[in-house]
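In the two complexes that follow, chain A is the common piece, with chain B as its partner first and chain C second.
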Partner chain A sequence: MQNISFSIAADLLKNKAIFIYGLLLAVLGWGMFLIESQPEKTILALLQITLIVVPLMTSIFATIYYYNSAEFIQLLLIQPLKRRSIIWGIFAGLSSGFVLSFLVGIGLPLLLFYPTTASLHLILSGTFLSVIFTGLALLVSTHQQDKARSIGFVLLLWIFFTFIFDGILLWAMYQLADYPIEQSILFGTFLNPVSVARTLVVMQTEAAALLGLSGAIFKDFFGSLKGSFIAMLILIIWGILPYLFVKRKFLTRDF
Partner chain B sequence: MISIQNISKKYGAQQVLNKVNLEFSGGQSIALIGPNGSGKTTLIKSILGLVLADQGQINVQNQDISLGPDYRKIIGYMPQLSKFPEQMKVGQLFSLIKKIRRDIAQNEYDLSLYNDFGIAKMEGKSLGALSGGMKQQVSAALAFLFRPKIIILDEPTAGLDPISNSILKHKVNEARAQNCLLITTSHILNDLEEMCNHVVYLMDGKIVLNEEMKFIAETTGEANLNKMVIKFLQTGKIAKCKI
Partner chain C sequence: MLIRTAFFIISFCVHFSLGANTILVGKTLSVKSISHALTLAKDGDTILVRKGTYCEKTLMIKQSITLFTKESAKIDAQGVANDILVIFADNVRIKGFQFVNVGVSFLKEAAAIRLVHCKNVIVENNKIDSCFFGIYIEQAKNSIISDNQIRGAFKDEASAGNAIHAWKGDALSICNNFITGHRDGIYFEFVNNSFIENNKSQYNLRYGLHFMFSNDDGYENNIFQDNGAGVAVMFSRNIIMRNNWFIHNWGGASYGLLLKEISDGSIDKNHFIENTIGIMAEGANRLTISNNKFMLNGTAMDIKGNCLDNKIIQNDFVANTFEVVTNSKQNNNFFDENYWSNYSGYDLNRDSFGDIAYRPVNLFAKITNEVPSATFLLHSPFVRLMEIGEKIFPQFIPQSLMDKRPKIKPYAYD
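Right, the complex of A and B next:
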């Protein structure tokens, strides 16, 4: 039954949208290194790109793909295939397509021009974010019949995680400054995969100012080594959790 | 071959299927008819496992279909509106489905509809570029490709030209003669008349008629399925009392 997952993944890699996404990342990734002579700066620029572009593109593309392949999914459903392997095929295929695009576009230039632990962590972050936001997009798409609404919702999620979340955290900290709230704020940071991904990379660089509030708390609490281990663990959980809900819904819904 | 026991399905507040019980066996060609929204497609989709019934059980060849997807190996399905991935080519579609159905060897394919509809000529075209009727042809060829024992056709003749229509009818009758079970829904009763030997009439999710076509014709004295059904439904209760 893994066979069908592979078929879907192979079919996806031929998809134009994923190709264009990879091309966009490649222009940014390779281009940055070619115009900027200081790789320490380039990695930070690529970090920003990864944190903003990867979640946005993967979640939008994944949502559109899911709705556009409604007929295809139906065709698969009437074959003697388990629903479980169909949804796994879609998730695995989409994620691996995005991860591959990211690795070629951003990962490869990083390894070639700036092979450091920071680069390695950035590659890990981008990979995790690709999987996480594919899962989130499918989570929205499987629970919502209307494509336009789903895209809107996915955009909101992206805005929330990239821009609003840290703002809320900062606001909460100011409001509750008189209380010992570090622990709760720390748990709060776990709730945002984007800041966890950012923390994971920035902890490896000298640019502590870019940590952001959640990152600063994180580093302060765990220190670099333990911090990056825990950050990775959280990202793995973020990668798995949405998919479990996607699977549950896909197995019990009508087509 | 198919045994449907007490199936019920609700969409929101609407009861689409209401305790449906049916038994179908090989050699039967069922005309599944009823007004729009009577639950025909939902019933078919429940058999296929696309729709999960709220209550009841469906067995295909004595196997509960909720236990696994393998029962679909013997089912061929032609959906109501043949929708396919737009950018996929006809040839790609066939090779993908063949790849999924590795259980059937290449020399066992039933290519008669594939050849009769001239699908080889469409292979290079993308499915989005096909007309409605051509999509139906592709869909019919796929439904029969793996020599299924159960063939389910949802509005098969709606978009087909007269020649393709008669090719499909011929195929259906041939399959019935080979002891396959066929279930066809349509609003074009003339087509059903030529393909079916059993009538199931659904209304508001309930079965109001489930009889051999021959029996209905005899009781009503009509030759035309349309008139038969109307007359039988009007006098149905009385006729049943007499027997």
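Right, the complex of A and C next:
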């Protein structure tokens, strides 16, 4: 089981695409700090990168990788190995490759140049997002035979989580502005891992702006240790849940 | 101020040379209480109080005397809501005491020291602890309140008093005081031509410093930290605000500086750091806001539509979440040559000012103004997308609110 994930991770690291992904993050992460003299601004730029680039790249690479290694997976399947360990190997190998790239590219410069709790939250958020979107990509890939359709669907998922979800939320806020909706919004965001990750970091960096009546409610929740903990828990659930569906499909699937 | 101090010294020398007496007060001496000493004192006398705790109530000073202690004698009001010292005479000087335990009353504003209709009074080096009001100035002129430490431990605004409260006054000088834990640190109502300098006012429940209907005053080199709101200047004219620090005035309705219905003043070389809102301006007219540094505030400046003809020039706006917020589509103020850390233009002609104008109001600030719960979407990629759209096709934010010459590099205000 470990061997499979190791060999997939090693294979991924040899992959040019993942290397370029890592390099891109590193150029952005290290470069931002070297160019910009105000770390408060840099961390916000890196937050945007983490929220937009990381989900996009991980989900697309994971999808492509899954289809490209279809033959390798079939080869594994005819060996006396449990399916359970094969799919775990794929999931763990892929996500650890992405997490490693993220940690080296964005995590390391954050720790070196701006070691604060905000940075720590950003690193955790990025790590979770890598895992979550690998899971989502595998979820789509295992349920879909056609590679092109899978990529399209994964892209849709990415657009939904990064842009459309918040748009819907904003629309709902405008419609229901006269009602005390803060609590419902708070729970609504749990449906979107990108929002949870963003809020986790923003609460650490810019609590000042969030102090209005409604800001205070979010701040009370996410700004506290308990809130951070619950948000992490939500992210962990978001990491595990797609994998459970992936596993269920993979175990019963006819190759 | 120097001249005034010199005048006091000379006047005291004159008193002494006229054969003024010194009355000693002490637990073991013949004069055992300050109230007894006051019945003996004549104009020009000095009352020197020895160490000890004196339980006195409502000491009326009707002669021009110096009341002082070298051993920080304590005067205790024992929780009764009465004034401790009431000064009716001119040329009085109070120095070095500790005043404690003036009780809270909702009927009268009891204070440790009260100045009534007097001039040339000096109150210095006193410590005032747990008193309802600290120093209460009623129609005084030419007086100095300096080097006092005033500490309260109030929990709610309604039952708290102000540390230094001035109601009608002229040419007052409030300097080098340390104030904490009261309702307003310093409160000015109908006080003109006065100066507030080098004070530190922190953890007050309402404002660090509060002006009402006061004209031609100034405050300089003060620190206002962690107050309900730093400074409120309301219904006043010609207030000069220079070199002050507004730090971490933080909370649901907190401001560094609140301007309401004021005109013709200047706000110069101040630092606004980590406030929920740096400057909140409502009905502020003809002010010059220049050379200030706004850093790490939630909103650097909230300037409402009823503010006219203000000049906002050569300020540093660094790492604020929102730079300028307004509730109007019009703009009647003049922004020029400021540094905005969110500006991303270029400077081809190398005159150190950006070649494209900068609009500091962003769409998201406007959205949160209308739907407060939208603050939750701060830094959402979706909001970013909308902002880019708004920048290309401006629809909602005031067109004319722009800085035509945004500075490329920050000014060095430290």
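Keep in mind that, in the parts below, the second predicted complex is superposed on the first by the 230 of 255 C-alpha atoms of A that agree within 3 Å, B and C clash if a C-alpha of one lies under 4 Å from a C-alpha of the other, contacts with A are read in each partner's own complex, and residues count from 1 in each chain.
To be clear about the criterion, contacts are C-beta pairs under 8 Å (C-beta built on N, C-alpha and C of every residue); 3 or more make two chains touch, one makes a residue touch a chain.
It should be emphasised that the depicted structure is a prediction, and the values quoted were computed from it without experimental measurement.
Novice: Looking at the overlay, what does A:64 touch: chain B (first), chain C (second), both, or neither?
Specialist: After superposing on A, A:64 lies clear of both chain B and chain C.
Novice: Is A:167 touching anything from chain B or chain C once the two structures are fitted on A? First, second, both or neither.
Specialist: After superposing on A, A:167 lies in contact with chain C but is clear of chain B.
Novice: In the superposed arrangement, which partner chain does A:191 touch: chain B (first), chain C (second), both, or neither?
Specialist: A:191 sits against neither chain B nor chain C.
Novice: By the touch definition at the top of the document, which applies to A:202: first (chain B), second (chain C), both, or neither?
Specialist: A:202 contacts chain C only, not chain B.
Novice: Quick one: name whichever of chain B and chain C touches more residues of chain A.
Specialist: Counting residues of chain A touched by each partner, the higher count goes to C.
Novice: According to the stated criteria, A:76 is in contact with first (chain B), second (chain C), both, or neither; which is it?
Specialist: The first partner, chain B, only.
Novice: Would you check which partner chain A:108 touches, where first means chain B only, second means chain C only, and both and neither mean what they say?
Specialist: Once the two structures are laid over each other on A, A:108 reaches no partner at all.
Novice: Under the stated touch criterion, which partner chain does A:40 make contact with: chain B (first), chain C (second), both, or neither?
Specialist: second
Novice: Let me check the overlay on chain A: which residues of chain A are in contact with chain B and also with chain C?
Specialist: In chain A, nothing is touched by chain B and also by chain C.
Novice: Can you check the complex and tell me which residues of chain A touch chain B?
Specialist: 3-4, 7, 11, 68-72, 74-83, 252-255
Novice: For a test of understanding, state which residues of chain C touch chain A in their complex under the given definition.
Specialist: Against chain A, chain C makes touches at 250-252, 254, 274-276, 296-299, 318-319, 321-322, 341, 367-368, 370-385.
Novice: Can you name the residues of chain B that touch chain A in the complex?
Specialist: The contact residues of chain B facing chain A are 45, 48-52, 68-73, 75, 77, 79, 83-86, 88, 96-97, 99-103.
Novice: Can you tell me which positions in chain A touch chain C when the two form their complex?
Specialist: 38, 40-41, 44, 47-48, 51-52, 162-167, 169-170, 173-174, 177, 181-182, 185, 189, 194-195, 198-199, 202, 206, 208-216, 218
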